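Taking it in order: structure first as structure tokens, then the write-up.
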Amino acid sequence: MTPESLPATQPALLTVLLFGITRDIVGQSSLSLPMPADGTVGGLFATLRARYPALAALRSLAVAVNSEYAFETDPLHPHDEIALIPPVAGG
Amino acid sequence: MTPESLPATQPALLTVLLFGITRDIVGQSSLSLPMPADGTVGGLFATLRARYPALAALRSLAVAVNSEYAFETDPLHPHDEIALIPPVAGG
Amino acid sequence: MLEISDQPLDVAAVLRQVEAPGAGAVNAFVGTVRNQAGGRPVRRLHYEAYMPMALRQLEHVVAETRRRWPMLQAVAVAHRVGTLVIGDVAVVVAVSTPHRAESFAACQFLIDTLKQTVPIWKREEYEDGTEWVAAHP
Amino acid sequence: MLEISDQPLDVAAVLRQVEAPGAGAVNAFVGTVRNQAGGRPVRRLHYEAYMPMALRQLEHVVAETRRRWPMLQAVAVAHRVGTLVIGDVAVVVAVSTPHRAESFAACQFLIDTLKQTVPIWKREEYEDGTEWVAAHP
């Protein structure tokens, strides 16, 4: 085995829950994604926008970490509950 | 009979309904009063204030004629339904 | 529905009156008897209305509300008279409109104006006496 | 009481939650399903919530409302999820306060903020398709 293939060097996987129109855009209700290189919410946004250009057309898009709205600079951890929050429309 | 005692020269009587604190002030739920000399709501106000000085202490006092708030210059007629309206406090 | 009644008010029934297929928003105000007024414990309230002037003036209030909010779908007002105890419902005002903001504004205008113009009076009963509310400055 | 439920909402039950002996004023907002949206006939609505984030955010909204209106006595919110037809109740917000004006202001703030922050989505179903409400500019 080369060092590159050791489990310790593989990026951790994040699970991202999808709701509303983001579930329709992605075509599934959750995504498994590698931890972004910078380990932040902003890095995750970049990955998602690159893979799913339709997300850019939404009125707004937020990321929630453990049931709270997150800032782009917030760090992500492998066991966080992460969700993509398209424009809400309760009431 | 002198002309003064002829029925035609006696002033018409008005009935004034009393509610809330005005009923307490007057001590009865309606009053029979002569038509004021000028035949207006303002004249009736003057008669009432002279007889019941406690009315002047109220926050406001209105006269209603036939279920509508009346102006001081409005004329009164013997068959009008007249009421004294102290400050209202519904709700 | 405009009602002045000496029977207990049914809040849910008043709300049902304003349901309408074009109305996405209902706002309701419910006024109840508080246990105190200005820090003084209240035991009971006695409401009286001058009927039919109260109903007439209520109609004027509703007409003016409709004039200001032409999109108003339905209005219902029920006011209690007689003797009420703490927690009893004294008044219910409900309106329905297509959208939310108008429902709040119209309902608030309606109850504010009702309190200013509809000939209803209330006498508060305390441990040691009674007083006509708002009678004196 | 903060509730997100796939069962029909009982408006009267939500109102009863905010009764309080020190509260003279109750304001309630009821959002129902309209028969059209922007002139387009609506057949049904499908609501979904991200639980438990929705409950957490609802708690934040209530906490902020209490911070702004410290005299608030009680608050109750019930939101429906699942498939709703015309006339169904989607949301009920009720607050009680000592006086009238605060009840309107606090209730309006609560529903306005709920709509901005609580992760609930709705998809309108028309004769010829469906659309996620507010998703696009």
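Brief remarks follow.
Should a chain be cited, it is by its letter among A, B, C and D, assigned in written order, with residues numbered from 1 in that chain.
Everything that follows uses one rule, which is that a contact is a pair of C-beta atoms (placed from the backbone, for glycine too) under 8 Å apart; a residue touches a chain by one contact, two chains touch by 3 or more.
Just so it is clear, the model here is predicted, and its values are computed rather than measured.
With every chain reduced to the mean of its CA atoms, the largest distance from subunit D is reached by B.
Note: centroid distance subunit B to subunit D, computed from Cα atoms, is 51 Å. For the pair subunit B and subunit C, the distance between mean C-alpha positions equals 28 Å.
We define each chain's centre as the mean of its Cα atoms; on that basis subunit C and subunit D are separated by 23 Å.
Annotation: 77 Å between the Cα-based centres of subunit A and subunit B. Residue positions 31, 100, 111 of subunit D each touch two or more of the other chains.
Residue numbers of subunit A whose C-beta contacts span two or more other chains: 91.
Pairwise, the chains that touch each other are A-D, B-C, C-D.
Against subunit B, in their complex, subunit C makes its touches with residues 31, 47-50, 52-54, 56-57, 79, 90-91, 111, 114-123, 132-137. Of all residues in subunit D, only 11-12, 15, 19, 21-36, 86-87, 98, 100-101, 103-104, 107-108, 111-112 touch subunit C in the complex they form.
Contact residues of subunit B toward subunit C in the complex are 17, 19-21, 24, 57-59, 64, 67-69, 83, 85-91.
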